[in-house]
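Next, two complexes with subunit A in common: one pairs it with subunit B, the other with subunit C.
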Partner chain A sequence: MDAIQRELLMQVAGLHEIPAGAYNIRSNGQSIERKSTGNIEIINKPDKSGIEIHIKPGTKKESVHIPVIMSQSGLEEVVYNDFYIGENADVTIIAGCGIHNGGDAASRHDGIHRFFIGKNAHVKYVEKHYGSGDGSGERIMNPVTEISLDEDSFMEMETVQIRGVDSTKRENRAHLKAGAKLVVMERLMTHGKQKAESWFDVQLDGEDSSANIVSRSVARDESWQLFQSHISGNTRCSGHTECDAIIMENAKISAVPQLTANHVDAALIHEAAIGKIAGEQLIKLMTLGLTEAEAEEQIISGFLK
Partner chain B sequence: MDAIQRELLMQVAGLHEIPAGAYNIRSNGQSIERKSTGNIEIINKPDKSGIEIHIKPGTKKESVHIPVIMSQSGLEEVVYNDFYIGENADVTIIAGCGIHNGGDAASRHDGIHRFFIGKNAHVKYVEKHYGSGDGSGERIMNPVTEISLDEDSFMEMETVQIRGVDSTKRENRAHLKAGAKLVVMERLMTHGKQKAESWFDVQLDGEDSSANIVSRSVARDESWQLFQSHISGNTRCSGHTECDAIIMENAKISAVPQLTANHVDAALIHEAAIGKIAGEQLIKLMTLGLTEAEAEEQIISGFLK
Partner chain C sequence: MLELKNISFQVPDEKTRNTKEIGILKDVSLTLEDNQFVVITGPNGGGKSTLAKIIAGIEKPTSGQILFDGQDITDMSITDRAKLGISYAFQQPVRFKGVTVFDLLRLAAGKEISVAGACEYLSKVGLCAKDYIRREVNGSLSGGEIKRIEIATILARKTRVSVFDEPEAGIDLWSFQNLIQVFEEMHEQLHGSILIISHQERILNIADRIILIADGKLVKKGTKEEVLPELLGTANAAPSCDKAANRK
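For the complex of A and B:
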């Protein structure tokens, strides 16, 4: 790996060195390093590009890193990764994609991730997207996440895209069985002429299942964002979705949440707010000696933290 | 008018007798009574079915009643009514439609209402929909409301559908100029196998325009409701939309609000909640001596008041 690849790896996976636990590092379209452990097996998908991650029932406090980095301009790839998480496991999965594009051709990574989460398992899933490079070629990422949560399982999903992704279309679909719980925290910033679409479809199928989908975003410059989230309550269940967005300069933001109650015991709530940074907040920080630009940066970084 | 027609008139317009001010009463497809006043002129539309209501600039504290009643089973009609409200006027407009269907054929009234509201004018617009009759024929109402609000004008719209409408598809569109304000309160109850769709599209085009769209609904039995509301903030403006729904028995409810900020000074907020009547509320009223059914009725009527 060269310096650019190491920087990407640091940005998307927080990795300065080879991680503990299982990992698979994909660089410019190929698996370049991989390690399985006694409880976590990583194998190639037999039929298409991508990997399968098999986590044994009862695996506790282990982690899997599967970062993807691309530094070759013009590379376009679709990768299918499937996660099989055994009953009662408790694991952390760090995915993420970093694209450095120094050329004129578009670089694109579409990662299709499927999660099959066993009964009573607990998964923390972190996904970071990052772009860099001075080339005029676009950096494009279209992640798809499909989640099947078995009874009493829990998934906590944290998705972050702070900088450098020119175009993204995110699709997230989840089905929850009885007692299952899904918590999503999405943080997104767009700048320049970037476009970002984010779409959630959550089906609360099992009794006492619950979902909490929170999106926080900042749209700067000429960028454009669309947030759509659909929660269906199909039985006794509870769902909450929230979208808070800060709009700046000439950006445009749409928020389209959708709640569907198909059962009398479905309790569903939604909130959304779009607005600019409050003037009082800026003035307060400026009286403490910050410039207006510094005050804005501080507010934004607090909002996206 | 017979007893059924008089009852419909009472339900939709609160009229026990001929109203004060200007009015036009439409019954079974025809204008049966009409009165213009010195400031308010009602004339037939030259080209299609319906009327034009011309209100002189500066008209103060006057009212117009334009109820529609249908008691003949199988009648289907589309009626176009245009309201021209002069600058600085301050008027109340009571519309509404009552259908009594004692037969097997569907009765349908589609009222397309356009409002051209002059500068600084103030309009209170009340629209009630009501159905009755034991026939198996459906009672269908599809109201369309198109609103143009000139500078600094204000429209307050109250729309109520409490009982007896089998199918309704409501479309409301509004364009607001600088300083204009729109306040909408929708109250809706569906029962049996009724279907109700309600759709708002509000364009905040002028500086300091504002909109507040509130929907409260109760869905009972096997009924189905869809609430959609879209507020676009195209300049410095503020918009709020709220949808609270009570679900009962085997009903289904969807709420799809949409906020679009096309300008950095657009401040937009949305809230939605769908759920059943809280158990504690029921228990509290039942300890006061009400049956469960009575307690439910009391909570619903308070919620829709």
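For the complex of A and C:
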């Protein structure tokens, strides 16, 4: 790995070195390092590009890192990764994609992730997207996440894209069985002429299943964002979706929360708010000695924390 | 030393479609000596809050001059005044999504502080620090809680001049006694000057000097012995319900 690749790895996975636990590092279209453990097996997909991650039932407090880094301009790829998480497991999965594009051709990574989460399992899934490089070629990522949550399972998903991704279209779909719970925290910042679309479709199929989909975003410069979140309550269940956005300069943001209740005991709530940074917030921080630019930075970093 | 010389502040009259100006402050002059504890009181709408904002640099006076240790700061920005040593506690504190109480105290202190250090400021304003330090300064805090956090940010700054706009508003009676102590301690330890806008008799009671502002004008100034007896005979010292509560 060269310095650029190491920097990408740090940004998307917080890794300075080879991680503990199971991992698969994909760089410029190839799996360059891989390690399975006694409980977590990583194998190539037999039919297409990508990997399968099999986590044994009852695996506790283990982690899987599967970062993807691309530093070769003009590379375009679609990768299929499937996660099979056994019953009663409790694991952390850290994915993420970093693209450094120093050339003129577009680089694109489309990661299609499917999660099959067994009964009573608990998964924390962290996904970071990052772009760098001053080439004119676009850095494009179109992640798809499909989640099947079996009875009483729980998935916490944290998805972050703060810098450098020129175009993204994120699709997230989830089906929840009885007692299952899904919590999503999305943080997004776009700048320059970037475009970001984020789309959620959550089906609450089982009794007492619940979902909480929260998005916080900042759109700066000339960037554009679309947030769409649809929760269907198909039985007795509860769902909440929230989009909170800060708009700056000449950016444009659309927030489209949508609820469908197909059952009388489906309790569903949506909230959406878009606005610029309140003047009094800036003033308060300036009375503490910060300049206007420093105040703005503090407000944004707090908001996206 | 902070000096306000002939400060006037006018705004366009919206009713007459900007053809006329309304005077919020009219030719106000006052001096805040080092280590002095001054309370500004007077009826609502009299211009007190505007005066505090003019000191902090949030509003610019239409005419007049502000001097800090002889230096003219009339055109100085909010940030530069803050750096020079002026603090201002909002009457209605600002809420932030995502910014924690610790973040705010750290920014106020202007340097990295320990959690223990931040907790000390919170304890002084009567908040159990461990319950609050990681909380966001957002809509989940009650009016009284956020008001006390606002006061804690001023304590963390330790500046030469501290201006508080109605610090008692939204604070319950039990905490009110602690608040008085906070101001007394600040006065003893800081060797800076404190300017408080208040209607509260008990805050007026601990002042070195009291200034009465009504209808945009400085009506009276003097020691509490000079001003307080006269004030208490009028409705200016405190709204009657507050006074009744204080006697309990």
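Here is the rule we go by: the second predicted complex is superposed on the first by the 305 of 305 C-alpha atoms of A that agree within 3 Å, B and C clash if a C-alpha of one lies under 4 Å from a C-alpha of the other, contacts with A are read in each partner's own complex, and residues count from 1 in each chain.
In this section, a contact is a pair of C-beta atoms (placed from the backbone, for glycine too) under 8 Å apart; a residue touches a chain by one contact, two chains touch by 3 or more.
Keep in mind the model is a prediction, meaning the values are calculated, not measured.
In the overlay built on the shared chain, the residue A:Asn250 is in contact with subunit B alone; subunit C does not reach it.
Of the two partners subunit B and subunit C, more residues of subunit A are touched by B. Contacts of A:Ser136 after superposition: neither subunit B nor subunit C is touched. By the document's definition of touching, of the two partners only subunit B reaches A:Gly275; subunit C does not. In the superposition on chain A, A:Leu304 contacts subunit C only, with no contact to subunit B. In the superposition on chain A, contact of A:Ala267 is made with subunit B only, not with subunit C. When the shared chain is aligned, no partner comes close enough to touch A:Asn44: not subunit B, not subunit C.
For subunit A in complex with subunit C, the touching residues are 216, 244, 278, 280-281, 283-292, 298-299, 301-305. Subunit C contributes residues 56, 58, 77-79, 82-83, 87-88, 90, 93-94, 96-100, 103-104, 107-108, 110, 136, 153, 157 to its touches with subunit A in the complex. Of all residues in subunit B, only 233, 245, 247-276 touch subunit A in the complex they form.
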